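Below: a set of structures, written as structure tokens.
Both of the next two complexes hold chain A, though its partner changes from chain B to chain C.
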Partner chain A sequence: MSVGEVDVLVGVPTYNNAKTIGQTVQAIRVGLLKYFPRERAVIVNADGGSKDTTREVVAAASINDLQRSSDLYSLRTLPCISTVYANSPATEVALRTTLAAAELLRAKACAIVSPESTNIAPDWIEHLLRPVYRDDFDLITPVYRRHKFDGLLLRNLIYPMTRALYAKRIREPYAVEFAFSGRFCSHLLEMQIWDQEAGGIGTEMRMSVTAIAGGFRLYQSFLGTKPHLDRTSADLVTAMRQTVGTLFWSLEPNFQYWSAKHETEAVPTSGSECDLSVEPIRVNRKRLYELFRSGVAELEPVLKSILSAQTLADVQTIAKLPEDNFKYPHELWVKTAYEFAASYYKSVISRDHIIQALAPLYRGKVFTFLMENRDASANDVEANVEALCVTFERLKPYLLDLWNARE
Partner chain B sequence: MWQLIVGELNYAMQEFVRSFARFLPRLLAMLIIALLGWLVAYILKIILRGILRIAKFDRLADNAGTTQLLSNLALPTSSELLSRVLFWLVWLGFILLGVQVLGIVGLQEHISRFFLYLPRFFVALFIVFFGLVAASFFSRATLLAAVNADFPSPRLLATSVRTVIIIFAVSMAFEQLGLGERTIIVAFAIAFGALMLGLALAFGLGGRDLAKQFLESRFTKERQEQKQDELSPL
Partner chain C sequence: MILTQDPLWYKDAIIYQVHVRTFRDSNGDGIGDFRGLAEKLDYLQELGITALWLMPFFPSPLRDDGYDISDYRSVHPSYGTLDDFKSFLTAAHERGIRVIVEMVLNHTSDQHPWFQESRSSRDNPRRDWYVWSDTDDRYHGVRIIFLDTETSNWARDPISNSYYWHRFFSHQPDLNYDNPAVREEMWSVMQFWLEIGVDGFRLDAVPYLVEREGTSCENLPETHAVLKELRSKLDQHFPGKMLLAEANQWPADLRPYFANGDEFHMAFHFPLMPRMFMGVKLEDRKPIIDILQQTPAIPDSSQWCLFLRNHDELTLEMVTDIERDYMYDSYAGEKAMRLNLGIRRRLAPLLDNDRRRVELMTGMLMSLPGTPIIYYGDEIGMGDNIHLGDRNGVRTPMQWDGGWNAGFSSADPESLYSPLILDPVYGYPAVNVYSQKRAGHSLLAWMERIIKTRKSNQVFGRGSIEFLHPANYRVLAYVRQLKTETVLVVNNLSSSAQAVELDLRRYKGNILVEMFGRNIFPRVGDLPYLLTMGPYQFFWFRLRRI
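The block that comes next holds the complex of A and B.
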């Protein structure tokens, strides 16, 4: 199919998403027809060799079905291209394929939508693409409505640390839905960020960091409730590799940038910047506490090579506290994170092992977060996160000292 | 008679002096070679020590666990030890070359054997070192994976992995050196087989109920409930 040039492009990376992809593609179609009726648009599905009927479902979600089911009429055709980039899924290859398509089609604005976003609404497409298409922003990251105990890795480490080091208040530096300009797309393709050491995982995180360090214009759009079907992120170590590993890795090539930044800047945002729901949910806190304690005890020889003697002693001290009195203080957590980052930079042991060793300690911090915010309102939770962010910012010189110290 | 004895003694003395006169240059040559060898060995030691420091070899040795091993044996650091080994090997090589100049019958064959043995020695050293590195890496990987997967006795698992790899590396090194090849291979096979059999018996018979409980807790309801209660980190 010949598409020619387009104004907007929406990419949907898939792998065995037959159950949800139909709904997602229909929502994207409605969004494009409703909010971009005059623009030339295309949907690009990069598939990782699905074994189910994903590709057939994408192909079947035709424009005619849509017109029958709603009162939307397109002024142009809306092609939906599906391509198989490999026989096994690889996020970075899917993303690169979509970027290459966007550059080839000279798209002015591109959005990536997760195939598992079952609650995607058509206005998500507008919220993602409009700031790029109309207002010349380069990277649009989402803001979601979340439960107060959802996305805890983001709230307890990724957001505060990215904010403190890169001096930009991006709520979701690792996002599965985002949009970017054609200019930023070309920059990414030229950057060759795909073949580097951390390549293969955390590409979304690297895009955010690249945009910040490259001086591109950032924007945040409130989308709605965060869907919960991201199976890969359910495993903590995998999630940490994708996010923490990529963040630690990014510090070395961007040292000149982040070491010179001191004052954090807000990022323009449409809609609420923080929308938390607080209804009670079932959480196995005791298991987190036990995993933290056993992790600290069992991993002592590994932690010795990563943490300073004082920090390790402090962590071991809190590991002895009974469950009711347990607390992983902000300052100790920040020092832990910074010492892990410095050890990652110096490769004191295998870098992947450093990320894995952080998982049990993170569980201790999450346990504290759950205990402190058990009955907290949305505002209290936000205040707690803000206090952690401030601690990360205050202790930034500590990381610089560790970074510059020899051996 | 007396004159005959004196004559013989004179002749012997002259022969000794002649032999010594013939031998003296060789002895001096040997001493010069040994002295030169010491100088070359010392320079090589300094160079190797510098290279190992630049390459942060001691950190690698730390990670491999060799530093602790050497410390327990009251030996210097890995880079220092390797530098000294090189020094002595090079100097010994020069001394043997010098001895060869002396022309002592039967010694040349032994010297040739020594030089032929050197590459095998280095290969064995290489195998042991990288065996220790691999043992350290894989035992740490096992420990981390076991801790994060909430497996019981993660350190025991990690130590088992480490021990098996070290035994394997050491047996390979001995085989390379040609020391008791068959004995070591058979001993390794017996020890490894016994370990596996012991574990099989322990889990199969002694710990049958425990294993059942463990498997049930890991793969059935309890495990699923635990998973369901976990929070999405992202």
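The block that comes next holds the complex of A and C.
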């Protein structure tokens, strides 16, 4: 389709999202019409070969006229390009396809929106694109209103560790909604990260780290409520590969950057930097406790090759605690995470096995988090997370010692 | 030359809008006149136009450039005499040029004897010829049209100690069309001119004839009843004459002015015009297609009038707020360019004096469905003077040559009715008829050619239109059809070269004959028809099956 040069581009990666994609595309259209009425805009749908009616729904949502009003009227044609990328469906491939389209169309500002964000509002488009298009930032990551027990991996590991090591307080370093500038897009494509180890997965995490280490301008935009998605146990390992594995992997090529950083910096943010809701959601705490204990026992030979003797002993000690008294202290957890990171760097065993081995220990930490914050207010939860972050920052020299010792 | 007797002559017409005051001064008083206009009829005939629309030339205090009439049955002495007009009319007809006269029905000058009588006393027989009120509360909420100068639609008259209604300037009181005597008199006025031989009227400000409480006082059924009455009398006594409505309304609100072919013959398509400018600036066909797809079908005997510019500001009344802001930012960067809800600039300056864009816009004017109107001076790319008051900056003297007063007048330059355009780009030494007549590549020469090409085929004035929707939205393409005649028009709205693939499968087997050079383009097959176009280029193709 001959779209030509555009000012803003919104990408929506899909694979079998027929149930939700219609409202997503409509919300994007409304957002573009309302907040960027004069700009040359395009919607790019990179589809992984959906077996359902996803592509038809996308086309129908794009063609349907919105009710005409002075708020919604578009001066320009708003094209929607739907393309099926080669190879099996994968987020990274969809993202690379979108980045390539953005560069081809010389887009100044690009946003990526998840097809599963059922609560997407048109103003998300403005919150994501405005900092890039009008204020010249390079990477916009979102801030969501989350339930206090949502985003556990993020709160207990990814956020505090990324913050401590890379010295930027990015709440969602691996978001599914984000925005970037044309120049950052070109930079990513030039880096050829897609063919490297861990470049095939965890791309969103890679982007954040690349932006930080590359000196690009970062911004955070508050988008609203993040719908809670139920995840299975198998999902956890996959998620950890994409996030923790990517984070660990990034430490080697970016060593010079993060090793020199000592003070963390806030990232400019619009709206609340942290917004927690306290409505109850179901979490199977008992199962977490049991999986932790069984994991520690069953994986002892593996853990011996990853953890220091002291740390392993401390972990085995808490594994013997009864459920009511169980606690995985911040300091022990941070040491655990840093020792895993150092072992990953040295590849003491298969890196994928290292990530898998971390999963049960993570579950123990999450159990502690849930118990400690069971009746906590939103402010108390945030204070707890902040305390964990401070511990990661304080023990950063510990990781550096491990790293240098492994050298 | 004999005028055609085709009752639908206006569908094939090429109309030229001119104010007699601006065109040519024959007696050296600095003001254009009918004898001067008559001198220039050969020029107009060579240009190829077939009808002249004359702006008001009646006696007037000229506080609104003649739209404030003080005598409907005469000619302003500055422009000549009634006999001068008749001579001009005869000469125009001899050259195959019809003459459309502007008739201001809605209001008169406050200097008109009718109003002088009406205001003199509440008992005067003409009291009820205008719309009076003891208070200014009536018709509350009705919009003010001349926003820059008026704060109310009511003006207080100290003589009769009451208020009178005026939709335009306060010195232009509205006539009361609820009074049969007013309706009868205005028909009598029109009859006067028809008997002299004029070919039609452009009726000014027709939506506002009748007022009713609790309404917008625009487009009322009672107004349409008045207009239908006029049309009925016209058809009965003067068949073949034409009525053209000036009604600045959305297409759906314009439709009633055609009724069932028994009200106006023609109406200006006001909403299309700004969207043509928008489409070129945005490099996107959407604004043009949107408004034309919203345009309702009209009776077979009716016709839209299309224009790019005229004597008024480029009106932005019939656009959304977003569109208006965009137009102001794009075309009227300086505040002095803006007036009321519009832009007071001429065609060439609006288009940055870009010859390609002037041609593209003119090409669309000539090929979209309707009768085109050329504003005097735009055929040579005249400029404007935004520092003159009101709309006077687009009403400067016609530029005939690079000599004394641009060949407009032999008077002292200081006595001209308006200063000439003098800047180095648009000034008369650079832009004038004489120079362009000598250059085969000039804009004037090109205008003559496109008018001739347009007149070569009735499909443009009488045919249907169907839009094509190629993926490249920078290209506006449509098919005009009339019986067996098919013309494909393709316009590149973009400042850069474009490739476009057109789905012409239904015309498979036809060859395309480009209408200006008459060269043959490849035959239409099963595959999308590929065209590559330069910046702002357009094509007119006749489809022929050979």
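Assorted remarks:
As a working rule, the second predicted complex is superposed on the first by the 390 of 407 C-alpha atoms of A that agree within 3 Å, B and C clash if a C-alpha of one lies under 4 Å from a C-alpha of the other, contacts with A are read in each partner's own complex, and residues count from 1 in each chain.
Rule of thumb we're sticking to: contacts are C-beta pairs under 8 Å (C-beta built on N, C-alpha and C of every residue); 3 or more make two chains touch, one makes a residue touch a chain.
What you are looking at is a predicted structure, and each value in this text was computed from that prediction instead of being measured.
Residue by residue along chain A, chain B and chain C are tallied for touches, and B comes out ahead. Of the two partner chains placed by the overlay, only chain B lies in contact with A:H353; chain C stays clear of it.
When the two complexes are overlaid on their common chain A, residue A:N284 makes contact with chain B while staying clear of chain C. Touch criterion met: A:R38 reaches chain C, while chain B stays clear of it. Judged by the touch definition given at the top, the superposed model places A:R76 against chain C, while chain B stays out of reach.
In the superposition on chain A, A:A61 makes contact with neither chain B nor chain C.
By the touch criterion defined above, A:G4 lies against chain C but remains apart from chain B after alignment on the C-alpha atoms of chain A. Of all residues in chain B, only 59, 62-63, 137, 140-141, 143-148, 150, 154-155, 226, 229-234 touch chain A in the complex they form. Every residue of chain A that touches chain C in the complex is listed here, in rising order: 1-2, 4, 37-38, 70, 73-77, 79. Across the interface of their complex, chain B is touched by residues 149-154, 174, 228, 230, 233-234, 236-237, 239-240, 242-243, 282-284, 287, 291, 294-295, 298-299, 302, 305, 348-350, 353, 356-357, 359-360, 366 of chain A. If you check the complex, the residues on chain C that touch chain A are 278, 282, 284-287, 320-323, 326, 471-474, 494, 498-500.
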